[in-house]
Amino acid sequence: MHAGIIFLLVIVGSVLFHIFTPWYWTDIASNWGAMDDTITLTFWVGGGVFVAVCLFMVYCVFKFSYKENRKAEYKPEDKKLERILTWATTLGVAALLAPGLIVWNQYINVPKNAINIDVMAWQWGWQYRLPGEDGKLGSTKVENINDNNPFGIILEDPNGKDDVLIQSDVIHLKNNRPVKILLRSVDVLHNWYVPQFRAKMDAVPGVVTYYWFEPNKVGEYEVLCAEYCGVGHYAMRGRVFVKNEQDYENWLYEQETFSDLIAKQEEIELSQVKLAKK
Amino acid sequence: MSEPKIEGYKFKPGYSGMAADTASDQTMFKGVHWGKAMMWIFLLSDTFIFSCFLISYMKGRASTPVEWPNPSEVFALNAFGVPVPLLLIAIMTFVLITSSGTMALAVKYGYERNRKMCGWLILATALGGLTFVGMQAFEWSKLIHEGVRPWENPFGAPQFGSFFFMITGFHGTHVSIGVIFLFIYAYKTFAGHYDEGKRGWFTSMKGDYVEIEILGLYWHFVDLVWVFIFAFFYLW
Amino acid sequence: MSEAKKEQTTTHKIGIYLWIWGLLFVLSFFSYMVDWYQFQGLLRWSLILIFMFLKAGLIMAFFMHLFWERYALVNVLLWPMTAIACFVGLMVAEGKYTLFSRIFYFFVGGQ
Amino acid sequence: MSEDYNDNKTIQAQSSETISGEGGAGVTSDTDYVRPAEVADQDLYHGHSFITKWVFCQDAKVIGVQYFLLATFTGIIGLILSWLMRLQLGFPELAGFMTAEHYYQFVTMHGMIMVVYFLTALFLGGFGNYLIPLMVGARDMVFPYVNMVSFWMFFVAVGVLLASFFVPGGPTGSGWTLYPPQAILEGTPGSGMGIILMCVSLILFVAGFTMGGLNYLITVLQARTRGMTLMRMPLTVWGIFTATVLAMLAFPALLVSALMMSLDKLLGTSFFMPTILKAGEVLEYGGGTPILFQHLFWFFGHPEVYIVALPAFGIISDLISVHSRKNIFGYRMMVWAIVIIGALSFFVWAHHMYVSGMHPWFGFFFATTTLIIAVPTAMKVYNWILTLWRGNIRLNVVMLWCLGFIVTFVNGGITGIFLGNVTVDVPLSDTYFVIAHFHMVMGIAPLMVIMGAVYHWFPLVTGRMLSEKLGKWHFWFTFLGAYSIYFPMHYLGFIGVPRRYFEMYDSPYVTSAVGMNEFISTAAFIVGAAQFILIYNIVTSLKIGKPAGKNPWQANSLEWLTPTVPPEHGNWGDKLPVVHRWPYDFSVPGAKEDFITQTTPPSEVAETEVEKT
C-alpha cells in the first residue's frame, strides 16, 4: 500500500513543483506571445492528462491490490469505451495542433516592413550586417571572405556598397520593428538564439535560413548558440540591445559601411605604398 | 511459386486469401521456404539502402547551382570514330538483363531437377555478371583517366563523381558478391549437393533447389537496381 | 533448417520466361533510344520513368515470381515503398528549396 | 496431431476467430482440432564443446544472454560517462580534470552507446533472441548460424566503438547525431580517427543487426507453432517484431549516411560539405548540403526511437497483465496501435528538424503526422491503466516497475506533444527540455521496462528468483531518483538553457539554476549507484535465490511452459506445444485457477466463459 502513497506523493509533488517553481521562462521580449500561449495550452491539456492518468493509476493500486479471494474482472474488450477514448484523444490532439499550425504560418511568413539582418556565424562568434539606405543587402560568397572583406560581399554588387558592417558580437535592434534574421554560416551549423525572443533557427553553411520577430521590450539580452558547433559551442555568446528609435538611429549612424571600409583600406594601402617608396 | 498444398488448409485467392493467410497459424507466407522469405525481407532492406543512395543523389543534384555534367556525353564511347552516347552502358544493361534471363531459366530447371541444365545456366549467369563487372572496371578506369575523381571532375559539379563512384561502386559490390555465390552454387549444383540434400559448409543447412531460387532473387534484385541506376544516373 | 514440402513446386512454361526476356530487351532498347534521340523536358522524364517502372515491374513480377506469389507476401513487400515515396517526394521539395535559397541569396542578392 | 484430438467437448463461447475449422474441412465440430504442422521439425546443431555451447553458440537463448551481457556492459560505460557529465554540470569545481573536449566526447559516446549499443541491442538482441522462439513456440531462431554471426558482429562493433577511446584525438565529440560539417572538421573533438571509427562501428552494427533482424522476422512470420496465430502472440513478440521491421527499414538510412560521411572525411567528397571557411582558409569542399544528412539521419533516427519504445510497450503490456491477473484490455487495439505507430514512424522524421533550416512548409506536414501518432500512443496508455482497473494487482517488484513506467512514460509522452507541435517546439528545441523529454520517454521509461523484465524473466533464465527486498530498494532509488533528475530538468528548458553547454558562465537567467544542477547531479549519482544493487542482487540470487520452479508467476504464455526450467536447447523436448488460445486468459469466470495457459485445450476448460481464443 505504501507504494500507492509514494506514487501519489510524486504526482502531488510534480504539481506543487510546477506551481511554486522559481524556474520558469524568462519574460518575453518579442511578439511571439502566441508561442507562450500554445505552450500554456499544451501545458494545461497535457498536464491534465498526466495528472488524471496517474491519479487513476494510483486509485487502481489502492482499490485493486492483491487479495487472495478476489478475482479480477474478465473483459477482453470494450468497443464503446475504446471508441470514446479514441475520439476524445483525437479531438484533444487536434485542438493542440491547430493553434500550432496557425502560429507556424505566421512564423514562416515575414512581414513586409521587416529589416533584414545578415547574421554571420563562424566557429565561434557572430557578426552582423545591416542594409544601408537602399534597404538591400549585397550578395555574398564564402570564398570572398578575407580581412578586407569580412562578410565576403561580392564587390560588383551595387547593393553591397552601403551595407552597414558590425564586426562585433553586439547588435542593436529597433524596438517595435520586425526584423528578419538571415542566418549564414561559414563553417558548421549554428543557431542564433535569444531566449527572451523565443524564436530560433539553425544557420546552415551553404544556404541562408531565416526567421523573424519583433522585439518589443527595450533592454539588453544575451545571444546563445543553440546548435552544437564544436568545442567552443558553449562560449559562443553575443549581446543584443533593443533600443528606442532615437537611440537606435544614433548607434546606426556611428557604424561603418562597406564603402567606408574599402576607402579606409585603400588609404592604408596607399600609405604603405608611400612608405615603401621612401 | 504457385499454390502449394498444405494439409488442412484451404487457399483462398486475392485479398481474402491474404486475410486468411495472415490470420492463420504457423506461417504467414504459405509454402514459402524460410530462406526465401529471409531473402525477400533482406532485399526489402537493401531496397531501402539503394533508395537512400538514390534519394541523396537526387537531392544533391537538385540543390547544386553548378551545372551537372551531361551523362550522355560523359559516358559516350567512340565506336568507329563516332562518339556514341552511353554505348558501354547500353551494352552493360544488355549483359545484365541477359544474365537475369539465364538465372530465371536456371531456377526453372532447378525446380525441374534438371541438374546439368541448371548448372550450365548458373555458370552462364556468373559469366554474364563477370562481364558486367569487367566492363564497369573499364568504365571506371576510363573516367578516372579523364580526370573524374570522387572529389572533383573536369565537367561540372563535383558531386557527380562522388555519387557516381559511390552508387555504381555499391552496386558493383553487390554484383561481385553475386558472382562469387553464383560460382559456388554452380559448383554445388554440378556436384549434386541439391539433389542429395548435402549440408552446407558453414551453416550446415541441408541443400535444396530452393537455394537456387533464393540466389536468383538476389541476382534479379541486382538487375532491378541497375534498371533504376540506368534511368536516374545515365538518362536523367 | 526446415524442409518445405517439396512436391508442390510447380514450374512455369519456358515460353513465358523467353517472352519477358525479349520484352526486357525491347524496353531497354527503347529507354536507350530516349537518350539517342535526345528527348528533353517532361517527355524525357515521363519516358524514362515509364520504361523504368515497366522493366522493374516485369523483373519483379515474372523473374522474381512475384506475380505468382500470394498477396500476403506481395503486400508485405510493396507497402513499405510508400515510406520511400514520401521520402522521395519531400526530398524533391527540399532539393528545390535549397537550390532556390542558394540562387536567391547568393546570386540574386535576396531581395 | 494433438493428443487431445479425440476429445469432443465444446466450449460455451466461441468467437469467429478460432482457427479450428478455418481450413480443415469436415472437422469443424471438433474444437480442440489444430491442423497439422506445415513444415518439418527444425533440425538443430547441438554444440558439445565449451566453445560451441557458450561462445560460438547457435542457441538463441544463449545468444540472447550474450547480447544482454554485452549490452549491459556498454550500458555501464554509458552510465559512467553520464556521471562524468553530471559532475561537470553540477560541480564544475570538482571536475577540474575535464576539458570541454572531454565533456563533448562523453556526451556523444553516452548518447550513442545508450541509444544504439545499449537499448537497441538489449531489447532486440537480448529480449528478442531469448523470448521470440520461446513465445511463438519455435525450437530456435530459423537461422541459428546467422544469428550467431549477428552477435559476433555486434561484438566487433562494440570493440571498434570502444577502441575509439584509445585513438589519437579520442572518440568523436560531435553529439550523438553526428551532424556534419562539424563532425568531420577540426574544432570538434575526435574529428579524425574518432568519427571514422564511429562510422565503421555503426556500419558493423547495422550489418550484424540485419542478420539478427532477419531471424526475428522470419521466426515470427514463418516458424510459429501449431495454433499460434498472429493474433494469439503475446504483445512482447508483437512489439519486438514491429520494432525489428522498423530496424530493417530504418537502419539502411543510417548505413548510407555513415558511409557518405566517411567518404566525405576520407576521400574529400562533398556530399554534406558546402564551401567552408576555416581559420581563414577555404577548404576543398563545396556544393553539398548538411541538411541532407539530417534528413537521412532522422529517417533512421525517428524509427529508432520506436525501435526502443515498441518492445518496451509490448513487454510492459505482458507484465502488467500477468501481475494484475487480468487480461490486457483491448488486445486487438494494442496490436493495431503498435503496428500503426510503427508504420507512421516513417512519416514523421523531420519533427527533429523544425529549426534546422529545412523547407519551412515541412513544418505543417510533420507536425500533423507527429500528432497523429499521439493518438495510438495514448490509446496504449489508456489500455494499460484500464488493465489495472478491476484487476487483482500483485504489488511485487515487477508491478512497481510497471507503475513507474506508466508515470514516466506518460510524463515523457506529454512533453513529446510539446516538441512535436511545430510552434511549441521553436522555443524549446535545443534546450534542456528536449533532454528531459527524451530521457524520460526513451531513457527512463524503457529502462523501467528492462528492469521489470529482468525481475520477471530472471526465474526463467536461471531458475532462481531475484530478491524482492533488494528489488524494492532498487526500484525506489531508481524511480524516485530518475524522476527527480528529469522532471525539474524540463524547467531548465523553459528558462532557455541550451543543450550541450559545457558551462553556462554567469548568464543572467541561469544563475538561478545552479542549485538545480547540483540537485540533479546528486540524484544522478545516486540513481547510477543504485543500479549496482541490481548487479549484486543478480550475482547473489544466482547462488542463493529461491528456486523458481515452473511458472512462478502463473503466467499463460508459452515461455513458461517448457518441459524444463530453464529451457534447454530446442526448448520443447520431444513435442512442440500446440496453442489453443491467446496468452491473456486470466481470471476467466468459471475456471478453477485464475489463469489458463495457452496450451490448455478448450475441452479441458469447457466450463469457462472464454470470450477471445
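To keep things simple, chains are lettered A, B, C and D as they appear, and every chain counts its residues starting from 1.
Here is the rule we use: a residue touches a chain if its C-beta (ideal position, glycine included) is under 8 Å from a C-beta of that chain, and two chains touch if they have at least 3 such contacts.
Keep in mind the model is a prediction, meaning the values are calculated, not measured.
By number of C-beta pairs in contact, A-D leads over the other of A-D and B-C. When each chain is reduced to the mean of its CA atoms, the one lying nearest the mean of all protein CA atoms is D. Per-chain CA centroids place chain A at a distance of 33 Å from chain D.
Remark: chain B and chain C have CA centroids separated by 13 Å (rounded to whole angstrom).
Centres computed as Cα averages put chain C at a distance of 34 Å from chain D.
Centres computed as Cα averages put chain A at a distance of 42 Å from chain C. For chain C, residues touching at least two other chains, in rising order: 1-5, 80, 87, 91, 94, 98, 102, 106-107. Residue positions of chain D touching 2 or more other chains, listed in rising order: 38-39, 43, 142-143, 223, 249, 287-289, 291-292, 295, 299, 361. For chain A, residues that reach two or more other chains under the stated contact definition are 206-207, 209.
The chain pairs satisfying the stated touch condition come to A-C, A-D, B-C, B-D, C-D. Only residues 98, 101-102, 104-111 of chain C touch chain A when the two sit together in their complex. Note for the complex: chain D touches chain B at residues 17, 19, 22-25, 34-39, 43, 45, 142-143, 145-146, 210, 213-215, 217-218, 221-232, 248-253, 255-257, 259-260, 263, 267-271, 284, 286-289, 292, 295-296, 299, 579.
Of all residues in chain B, only 6-10, 20, 22-32, 34-35, 37-38, 41-42, 44-46, 48-49, 51-53, 56, 59-60, 63-64, 66, 150-151, 157-159, 161-163, 166, 202-206 touch chain D in the complex they form.
Residues 1, 3, 6-7, 10-11, 14, 17, 21-26, 32, 34-36, 38-39, 42-43, 46-47, 49-50, 53-54, 56-57, 60-61, 64-67, 70-78, 81-82, 85-86, 89-90, 93-94, 96-97, 99-101, 103-105, 107-108, 122-123, 142-143, 145-146, 183, 186-189, 191, 193, 195-196, 198-207, 209, 222, 224-235, 237 of chain A touch chain D in their complex.
Residue ranges on chain C touching chain B, taken from their complex, read 1-12, 14, 17-18, 20-21, 24-25, 28, 31-32, 34-36, 38, 44, 48-49, 51-52, 55-56, 59-60, 62-65, 68-73, 75-77, 80-81, 84, 87-88, 91-92, 94-96, 98-99, 102-103, 106-107.
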